[in-house]
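Structures given as structure tokens follow.
Paired with subunit B in one complex and with subunit C in the other, subunit A is shared by the two complexes that follow.
On to the complex of A and B.
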């Protein structure tokens, strides 16, 4: 990838920044109280989820309104496999949870990603709504009563698990998008799909791969979430609020950027928790989310991150995006 | 047999409402090329408007429907230019940004309704409530029949407007080709804003009818967005004529499933079929969608 010395230096610089950041995050639990630790753990989870959504929404250019389905699939797979009848250990449930989510993503994405983005949006949304209905009538999911998971009350374990999952997601996605053929293909098809196809890229395959990757990460966080909260029901892990938050976080942070989703997630999750602790519930949070989406689309289409990148790079980015159309 | 006949009649009556719910949505897609996620939100707000007009002013929903239409046409006419702006902007993906914008609107409506009016369902009383019309073996609630007739009147109005007026000609021209229509002297921006206003007016009116038949609460929005999507996908996105068949089909399907399988499975079956249609016939059963 990098024969150019400038690129090598840039790469090493970024690597160093990531290592320093990770070390700093690893020491966070030593300095804050358990309540704040839960909030930071939540922020890590949402950052990871936003990163997952961004693969499809930001890089492939297909807006999914049904990612809560994959979160729920992950959560329910873990919860079902940890029930006393089966009794799998937590870490072992991660594998089936990710595999199930990827299979479902291929089934959903395979046919609908050939169509225009609008159909994909409708299909994913309808699928997630169907899954809520399904989870409320099935026995294995416990219906509306939900499922309890054996409790493991160790906040440090969950902090480091979420940190590991979030770091793996971000670094994995960063590497895949910026330094592999898969990433080049994905960006090519986002920039100009017919041209990418003419260059011999199997665009449908790449899109479905991206969707499956996104679903796998989402399901992973769903699994950890189920073990963390110890109790899940259809509304808490399949509800539309989960998708809503993911969409808003990515849009607010910056669609199709590596670190934008993390920024959006931290800003929104802090807001969410602040509202929750001030008003006692988060009802007022929903209209705020809606307003933020509308405002971002109207006035800040490249997200908060576009305020931070240098002016020259920002202009480059914008002109690169504009040239596609 | 009587039960079957009753089921069919119920299905047709619901189908009429669903047609009036989706017809504006299709028009918007045809002209603005935007999937409006907020369609269920307009239904819900229309229902709440009818509720408050009964509660505060004592106006029967079958009269206030005209007020609601006018009010929401104005609101939609104000929002329309924003959507047009996003859709024709030079953003990376204007279609997806417009989709995200309406998604935000929907969230704003749903969240706002939850915040202001909580989860409680509210019933809208009309003079027709609780009256029945008995025709041989079948019983028809007068309310549903009059709502059905009202929905048919709305749809006829839309068709007359589309095919018998100059404005309708401009709308059809823009739907066919925006650039060419602009070159022929059609003010595309204004037509788009009017169409969006027309759509919100019609959809909110459908919401009045729906709220009068059932009831209204903040979560009805999601349900009717899905129904509108279903009818639109079945008809083929953008096809206004196909809505007539697709709306009846969904009404019949929901009615049959509720009667013979169980109400709690009706949504499940609807979603399942929507999904299959997307897979098998993405351009709609009539193959006229975009």
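On to the complex of A and C.
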């Protein structure tokens, strides 16, 4: 939408920064070894997942503890459709993955997003736990034995696929949140739901739309992950640690900001991988992670992104979302 | 104590008509069979002691609370039992007793957010006009949470103006504000009523009520106890009884 000159200048500046960043990222594989490339690919995936969770947690103000369900739906849809009986090519599985996740999100989000705070968090957590149990007992998902996906051992392909998915997610969300009616509706209901309704905003519908969008992006990365790792089982794609990582990455980077989740994901994932490669396990990672989170919450309540774009609204935003509990 | 008989048009074509609306909270009847009708461009004040049911009456009109009885008509359309968002889209705008701003958005964004269900393309220009009318242009890029109490009242009023409603409900819009801000609000109400917008105003500031309202409705214990011009109300013994505890 048209806006004042300052806003247009700001928009163009940000767009130029994004283009330069994307060009730089496109050349990354030429300068790093395959192991590092795998880490960067993982960072892109987690950045996209954090971006997806941030739509519901940061912009709608509803803390979801069940987002691993949509990651798993995406992963399983791709894995099932690529099995020898069906044999769909990977790229063709992306659309059904996203559509299935959106349909499930609408069905689940319709009733659960009328709940507030902790009740919503518990409902989403229970839903993801239910899916783990389903995936464990169903034949189509391979049960506890999981599913293998035809291997495609090309790290460059997965790097560029993750980059494209992450870039599309961030740019799409950025545009939707900052420049469309949907974004204004979403931020309005987060800040004051009764006032948003008093202005004609159909808040229940907007919340479900946000949930479905968030689920679609999460499922997209689940699909790519399944093809990338070539094997999935209930814990690897539906486990609660997937949601936990998304939540922590967003809080670390900056809740309710466009680029904060990306920053949080990159910092957390590279720290995780560095500790893993240095100490040989990720147990020591947990206390270090706890320390980092405590420091950020105490000194940078709006996350690491506030080091770059100001911190004035952090405490208020977090307290507003927590008040819903 | 029963409400005085209020004439409602047989077709209910007035901008706002309440017919015998009732609201109970447990054993307490907050609004007890209140009826009123507001004409186009009319400014009606609703006064009464704390707890008399004024804000609840607003919530019933705007859909914030479901009614336990009676009907609400907006511009000839029965909106009883409709969700708040649908009633808002029917042409009613309201402010709250405590300003309910979008604290993490700027003043400009607050104004734009009010237009998401209306003329979105024209919203930026309209936001500038509204900010100018309410003299908040100098803080238009500030976060809403950074505004003073008076500026917050102005912004909330501005958000309602952004939607071009047919009826505006103002709940103590000048309470606790600087006299200059009170003047700005009064001027804005006068300008808007000239365009045909109807106002229902809850107010404790009797000077403002006297200046701006065509008619007053006095509530006590959930019922209308008197209705008339400011002078008629000022000399009404039942009103004195409600406010001062004098026996009529």
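Here is the rule we go by: the second predicted complex is superposed on the first by the 292 of 325 C-alpha atoms of A that agree within 3 Å, B and C clash if a C-alpha of one lies under 4 Å from a C-alpha of the other, contacts with A are read in each partner's own complex, and residues count from 1 in each chain.
Everything below uses one rule, namely that contacts are C-beta pairs under 8 Å (C-beta built on N, C-alpha and C of every residue); 3 or more make two chains touch, one makes a residue touch a chain.
Nothing here was measured: the structure is a model prediction, and the numbers come from that model.
Asks: Look at A:293 in the shared chain and tell me whether it touches subunit B only, subunit C only, both, or neither; answer first, second, both or neither.
Replies: After superposing on A, A:293 lies in contact with subunit B but is clear of subunit C.
Asks: Does the superposition put A:195 against subunit B (first), subunit C (second), both, or neither?
Replies: Second partner only, subunit C.
Asks: Once the shared chain is lined up, is A:256 touching subunit B (first), subunit C (second), both, or neither of them?
Replies: both
Asks: Which of the two partners, first being subunit B and second being subunit C, lies in contact with A:12: first, second, both, or neither?
Replies: Neither subunit B nor subunit C is touched by A:12.
Asks: Which partner does A:283 contact after superposing on A: first (subunit B), second (subunit C), both, neither?
Replies: After superposition on chain A, A:283 lies in contact with subunit B alone.
Asks: With both complexes superposed on chain A, which partner does A:203 reach: first (subunit B), second (subunit C), both or neither?
Replies: After superposition on chain A, A:203 lies in contact with subunit C alone.
Asks: Does the superposition put A:185 against subunit B (first), subunit C (second), both, or neither?
Replies: second
Asks: Could you give the residue numbers on subunit A that contact subunit B in one complex and subunit C in the other?
Replies: 256
Asks: Note which residues of subunit A are touching subunit C in the complex, please.
Replies: 1-4, 6, 181, 184-185, 187-188, 190-192, 194-203, 256, 312-313, 316-317, 320
Asks: Per the contact definition, I'd like the list of subunit A residues that touch subunit B in the complex.
Replies: So the residues of subunit A touching subunit B come out as 57, 61, 63, 65, 111-112, 115-119, 121-123, 125-127, 129-130, 133-134, 136-137, 240, 244, 247-248, 251, 255-256, 283-294, 297-298, 301, 321-322, 324-325.
Asks: For the complex, which residues does subunit C have touching subunit A?
Replies: The touching residues are 62, 64, 83-86, 88-89, 93-94, 96, 100-105, 108-109, 112-114, 116-118, 120-121, 123-124, 141, 143, 145-146, 159, 163.
Asks: In the complex, go through subunit B and note every residue touching subunit A.
Replies: So the residues of subunit B in touch with subunit A come to 35, 37, 82, 85-86, 89-93, 95-101, 103-112, 114-115, 222, 226, 229-230, 233, 237, 264-265, 267-268, 271-272, 274-275, 278-279, 282, 290.
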